[in-house]
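Got a structure here, written out as structure tokens. Questions coming.
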Amino acid sequence: MNIAVLAKLVPDLVEELSIDASGAKLDTSFARLIVNEFDDHAIEEGILLKERFDGQVTILAPDDEGIDDVLFTAAAKGADRLLKLKGISAMETSSHALARAYADVVLELKPDLVLAGVQAHNDLDGSVGSLLAGMLNLPYVGYVSGISMQDGQAALRKEYPAGLIAELQVTPPAVLGIQAAEQPPRYVAVSKVRQAMKSISIEERTVAPTESPAVPHIGRMFKPEAAQHAIMLAGAPDEIAGKLVKIFKEIGVI
Amino acid sequence: MNSTSMMPKQEYYDAMLHAVQKGERLRLCLECGTCSGICPFGHVMVYPPSRLIAMLRADRFEKVLKTDALWMCVSCYACTAFCPSQIPLTAGLMARTKEELLLAGNVPAELQDALANSQRYGNALGESPRKRADWIGGITPEVKVMAKAKEPVDVLWFVGDYASYHPRVRSTSRAFATILNLLGVSFGILGPEESSDGDSQRLAGERGLFEMLAEKNGKAFGKYEFGSIITTDPHAYNALKNEYPSLGVTYPVQHYTEFLADRLDQLRPMLKREVKAKVVYHDACYLGRVNGIFEQPRALLQAIPGLELTEMAHNHSNSLCCGGGGGGMWLDGFQWEKVHVRLSDLRVQEAVAANAGTLAVACPYETPRFEDAAKTVPGASGLCVKDIAEILVEAVDSEGGQK
Amino acid sequence: MSADAYVVIEHLRGQVTDISYVMLAAARELVRDSGGKVVAILLGHKARELSTDLSADEVLYVDHPDLKDFIPDAYQAVLVGLIKEHQPRAVLMGNTSIGADIAGALSVTLDLPLVSSCRQLTSDGKFVCQICGGKILAEGALPEPASLVTMTPGVHKAENGRATTPPTVTDAQAPSLEGLRTQLRKYIEPEAADVDISKESLLIAVGRGIQNQDNIALAEELAKAMGGTVCGSRPVVDQGWLATSRLVGKSGKHVKPKVYLALGISGAPEHAEAIVDSDVIIAVNTDPAAPIFDFAKYGAEVDMFDVLPPLTEQVKQAKG
């Protein structure tokens, strides 16, 4: 089977984020980038499917600083082809424009399944996977945490709140939004990644991103007010207890 | 597989012979079992060193790769130190076997995270590298961060991950900075340009990651002018002294206890306040057993007025590992599940048995580990755990003392 | 073209989800000054009665056997028709396993702008989105003449979306739902075995300070009185005083409750990282320098054994 996985980088939340001079965009010069956690799961799930059902896994990604390492790491895990979209950066592009850039390349690959992380924390106009499905007129199911191929159908586990799972069946080709792979993304030794760098090369496609009017315009980006130290409740134990009860009531837990 | 021959499978055996310098001493193993006997977790390791060698020789190494018990090894070096054939067991056999386990994907999740963090952030804790020097706030005179100070210093202080980020260990860093300032030492730190020394990652099987970190540190060192490196971290000390040179990164390096012991004549007159405490000193594995530094830390403690130094049952070269090294710090949950005992608990029990009021340490893994243990080990609720640097600062006359 | 705000109601296993009410409240706010109506779209099969407490000016109900459960393709097919026909100002969907599955395709098919992860809509036509793990807020004007929005809880309260009198329900025709490529096979209910603390909204956590197993009972009593669940940090679980399923921490579970009451927990990094997604952290610790006070919202420097009994008592009284 033919699997395409969409991966992109997002700002690493370990670092402090800052807004740029315009006041309406993230300062990308200062941000450290990391692979979108859900895309990492999509890569893992793609590799697992290949291991179980035989096939080819192609990773597609836009061009951002540090993406090569993500691609080679995926290759070290077992991905067969690495495709980088040049001329488009995840940090500078809306989900709609990115989906449109993917659309032609994905069509060319004729995949049975397209896996993408169910969301990215910096998405403002929806997730790339769901938009791509719309553009290619393919069925989309998100919040998937398990995939199995049975008689040409994809059997899926879809997650709902409070631990409820739905087992669905989709006719490929389809786009799936991955919530979690069936096992956590595997560790790859640095030496293996370095080996991959020598044995596989990253294919490049140049795309010209077109901005879609379907993307909301951001007038202002800002940080919510941050509390520094805890508000300390003082008094005798039963006075403190009284203050806690008041807080619980305010929050609505009692 | 060779069913008629008794020769070991070349692939794994060869790898072990060439893993480290003097690795071929593996051929001299007598199967005396000293290593497995002295190993603190030998009884649950399933394949402690001597058995591991037997499996290699019997061409059954693949069986080892299917178990996870080998992750009980904390790289304490006891096996290496007592092996009559002087086989480099810890750095060679154990580390190389863990490398095979990693390549086979057989690695506990906790350790995975620490390794991934080391690669991404240059520290196992997953903290932002930009905040690596945040601990220096409030110290006067200000601690020089090389990139900002842009001037040569006599001594470059390699601080380390835990000493930079862990809330408890930061106090030790601040204490040592205070002492350096008191002594008028010209020093600086790399701050955000410093990456993990990589030694524990190397011992946990990630040779590639170790080399990557060493390269990065080497580049950072190369940017600045300094006479020598000192470090408060025995693992960094071991890496810088014994492993980095083969990668082309060579500098004179001292552990802080050596550095201060050399300057004891200058330091002693400043230690005016009495520290009335019965103290035992825990010999850190990579300071003592591995690198032979036993007396300098003791000399510093003995220079403190009022301090009574005594010894725990295991001391000097047969000291008991705290369980933190070689990846142990990142295998805590895993190891607990297997044995329901922490080596740090055993060590704290020894401190209690020695009637000590203070357990003195000289390694950043130990302060949090022993303090945690002291909270639950019976009789240890009053035990203080302090780094030697912290005790020295306590002994300094308050006039000369810094914040 | 209308000024109406449409809300796609989400329901699972016969229950309308909380986010649906939050969206109705948001929709109400959005149309406050424009004179538009709040219209709830309810898709289902024999599910009419789910409309009874929806705070909407009108409910458009579409009944079809293939809408009995949520199937992305089916919902899309129906909604495309309804939106094209009525052309509302905004269509609100949940940023959930239901809404987020359909919003993208609708945006593309209808060529309408999509604002995702929106936590607030205002009566002057503004949206506020929450991104980057809640660290950044992005504000803008909701694109005109029509927009799709996926919403998260945050500002609008579910209780403002609930009605005491049932709304008017209008039946709408479903289009043909032939050729759906997605099917539901079955549901798998969560295990009733033990509690999954990562899904609990009120957690009472105990750390080393609890000292021994018997004292856990004190925490259990408070949990019972509050309707919460007891969990703990590593040393408590290691001692066997709590089951492993109750472990909160780096090697345990990450939790995101509304309230995390931390008793005798210092807040070391391994524990901190697993609780930072909590809405409100309240820390009780005798050590004023405990790191947990640096990221808790409220704190009390008091012995937990002194405060637990009166707290449990007062909670019981408050609940009546």
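Residue numbering begins at 1 within each chain, and the chains themselves are lettered A, B and C in the order written.
Going forward, contacts are C-beta pairs under 8 Å (C-beta built on N, C-alpha and C of every residue); 3 or more make two chains touch, one makes a residue touch a chain.
Here the structure is a predicted model, which means the values were calculated and not measured.
Enquirer: Identify the chain whose mean C-alpha position lies nearest to the mean of all protein C-alpha atoms shown.
Expert: A
Enquirer: If you tally the C-beta contacts, which comes out ahead, A-C or B-C?
Expert: A-C
Enquirer: Centre to centre, by mean C-alpha position, how many angstrom separate chain A and chain B?
Expert: Chain centres of chain A and chain B, defined by C-alpha means, are spaced 37 Å apart.
Enquirer: What whole-Å value do you get for the distance between chain A and chain C if each is reduced to the mean of its CA atoms?
Expert: 21
Enquirer: How many angstrom lie between the centres of chain B and chain C, each centre taken as the mean Cα position?
Expert: Centre separation, chain B to chain C: 45 Å.
Enquirer: Return the residues of chain B touching two or more other chains; collapse runs of consecutive numbers into ranges.
Expert: 109, 126
Enquirer: Show me the residue ranges of chain A that touch chain B in the complex, using the header's touch definition.
Expert: 12, 14-16, 32, 34, 184, 186-187, 189-194
Enquirer: Using the touch rule from the top, collect the residues of chain C that touch chain A in their complex.
Expert: Touch residues, chain C against chain A: 12-13, 17, 69-73, 96-97, 100-109, 111-117, 127, 129, 131-143, 147, 150, 181-191, 196, 199, 201-202, 226-228, 258-259, 279-283, 292-303, 306-307, 310-311, 313-315, 318-319.
Enquirer: Give the list of chain B residues in touch with chain C in this complex.
Expert: Within the complex, chain B contacts chain C at residues 109-110, 113, 125-126, 165-167, 332-333, 336, 340, 368, 372, 375-376.
Enquirer: Would you pull the chain A residues touching chain C in the complex into a rising list?
Expert: Touching chain C: residues 11, 13, 17, 19, 24, 26, 96, 118-119, 121-127, 129-135, 139-143, 155, 157-171, 174, 177, 213-224, 227-234, 237-238, 240-242, 244-245, 247-249, 251-254 of chain A.
Enquirer: Across the complex, what residues on chain B touch chain A?
Expert: Contact set of chain B toward chain A: 99, 102-103, 105, 107, 109, 112, 115-116, 119-121, 126-128, 130, 205-209, 211-212.
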